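Some structures are shown below for you to check.
Shared between the two complexes below is subunit A, which pairs with subunit B and subunit C, respectively.
Moving on, here comes the complex of A and B:
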């Protein structure tokens, strides 16, 4: 019985992983770009359409890694020095959603404005 | 910089520290030798540095969402191992240490994976400051403080668990394992949403005003229960399913172990009649 449930759990996990293609095809929405230069976000305000999934591309122009983090957007991702990262955000209700660079939170700050 | 470092390190250390303290308390209760901890800490730390140095390459995989998928897979693997551990703990508790064969090895692997997951982020964080010599002292002090607080909370849980009357320890430990594992599966779900591997949805509620995730209480609850201020329907579903599944499996394991325990007692008693 326990073996069976363990198997069910595994197949449930696998099921979760296999929703992939359906979700991947749906990705064709708006794309927004963001840069990290000297531990600052450029631009520091991003305007995105409300209630739409947005593909955010973040370029880290610094040599050091940075972590894009936002409690309001429920997102966190480490971006190595000189790399580019893709983060999907939204759909967001109209409003402001602050984000920051977790490794340099005093300087690296910005917000997403959904409207 | 100092306070910020304390919070970041605390957040990473807390989850692993909780897991280690629960498993250590159980291995003490079952009289298993705790050698597995030192092995898993060493292997975990080495693995964390390795993964940290490879993260740049991992991130570029799968059209730029390799990091999310890698982390989520690691989390789900840890959850599954935790479930397995909880079943073996239940069995050994009722039927003696012999029935939980492989338990120390399993705990070693699980803790090592948890350390790899959290440790690689600490490694990356510290590596960001090695080149910024002026900030380094504050960062190192903060790291020590954060790790110290994290392990103190772990120690607190360890002694709390051992201080409980024996008959409650297993239940509380397994309950905690179930909650930590559900929190991890929620994090994994969130990572897969971020990678666009799971559907993005509007949040079901937002409790961020009442209990911000960034607060100390929020961080503690995040480590213990996987607290999320604005979860989407998929996340809530996965969380509830994980908790129910864990509790269901544990309940069955306990029933089975108990009925076998009673059976063994009866066969032991039979010749004496």
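Moving on, here comes the complex of A and C:
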């Protein structure tokens, strides 16, 4: 009896170990990080998988706020100085999607490349 | 929004009893046509907003040429909350345009844009008419979903109005918008409105222009046509919004 319970318990553990990571990957999706330093985006080109929703984490390392802005991505998000923001983009068809920092549009330029 | 049709009825000398016994007309609460709200909030963003509605109904002189204007000042307090204060004026055609009510509005962004199948928010409104002891409060569920360049937005409002000279009542409104993101300066849309004794639908166009210094001007213009015999024939709406930091 005890052996049977032990086997079932092990089977349950193995089942959980196989399911949990798969679920985490499915729920999480790709994560891409972007930094704002001295009113510049780093990196200025982000390569993301096409036709997939992507979680973009933007860290604003400057002390002043910046606005991530892109009509092509249909996203607009103010990131306060010294803070971070999460922006979900996509699923995107293959192509290039420019974005800029609305508070410093001359310097803060970048693009998302979906491929 | 308070009932400008009710206000017009009061100002034009219609007996109160007549107003109370014409629920289909007066307590349509009427001006259901308004902007369709998205659920998003931008911290630090300030805005000046002017909204105008002009009703045309040749079959009903009491409603024909009714104008409602709203002037608002707003601010994004955080990445979740924004607030706006409005002054509301009405002009029944014969009477002078004057400020008749004020409204407080708070928007709560519930989810990150694009995180789920739809984006969600809540809008809270409280309006007080100056001349009469008349109030209205409403909570509106805001939902938005993208399908590529298409954007669908739904506003479902539950409101309660009360005052000495009106019958207190609950009311609901549904506002729907389907918009195509053609280009930033020009986006065509279709809107559909359902409220108590109102059904209307019609085309709307909108656009935005960006200025230097993170300033932008957004405009919306359209006409909503009544879909039944009770609803006004046309409701022309215009919105101009200046956003800055």
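For the reader, a short list of remarks on this structure follows.
Assume the second predicted complex is superposed on the first by the 88 of 115 C-alpha atoms of A that agree within 3 Å, B and C clash if a C-alpha of one lies under 4 Å from a C-alpha of the other, contacts with A are read in each partner's own complex, and residues count from 1 in each chain.
Here is the rule we use: contacts are C-beta pairs under 8 Å (C-beta built on N, C-alpha and C of every residue); 3 or more make two chains touch, one makes a residue touch a chain.
Here the structure is a predicted model, which is why all the values come from computation and not from measurement.
With both structures placed on the common chain, the touch criterion links A:102 to subunit B and to subunit C.
In the superposition on chain A, A:63 makes contact with subunit B only, while subunit C stays out of contact range. Touch criterion met: A:86 reaches subunit B and subunit C at once. Counted by residues of subunit A touched, the larger count belongs to B, out of subunit B and subunit C. By the touch criterion defined above, A:53 reaches both subunit B and subunit C. Of the two partner chains, both subunit B and subunit C are touched by A:71.
On subunit A, the patch touched by subunit B and the patch touched by subunit C overlap at residues 53, 65, 67, 71, 74-75, 77-78, 80, 85-88, 90, 102-103, 105. Interface residues of subunit B, counted against subunit A in their complex, comprise 1, 4, 8, 55-56, 59-60, 63-65, 67-68, 76, 80, 83-84, 87, 121, 124-125, 127-129, 131-132, 189-190, 192-203, 208, 212-214, 228-231, 238, 241, 245, 248-249, 252-253, 256.
The residues of subunit A lying in touch with subunit B in their complex are 1-2, 5-6, 9-10, 12-13, 16-17, 19-20, 22-24, 26-27, 51, 53, 55, 63-67, 71-72, 74-75, 77-80, 83-88, 90-93, 102-103, 105-106.
Partner subunit A is touched in their complex by these residues of subunit C: 40, 42-45, 76, 79, 112-115, 146, 151, 181, 183-184, 210, 212, 214, 245. Per the touch definition, subunit A reaches subunit C in the complex via residues 53, 65, 67, 71, 74-78, 80, 85-90, 102-103, 105.
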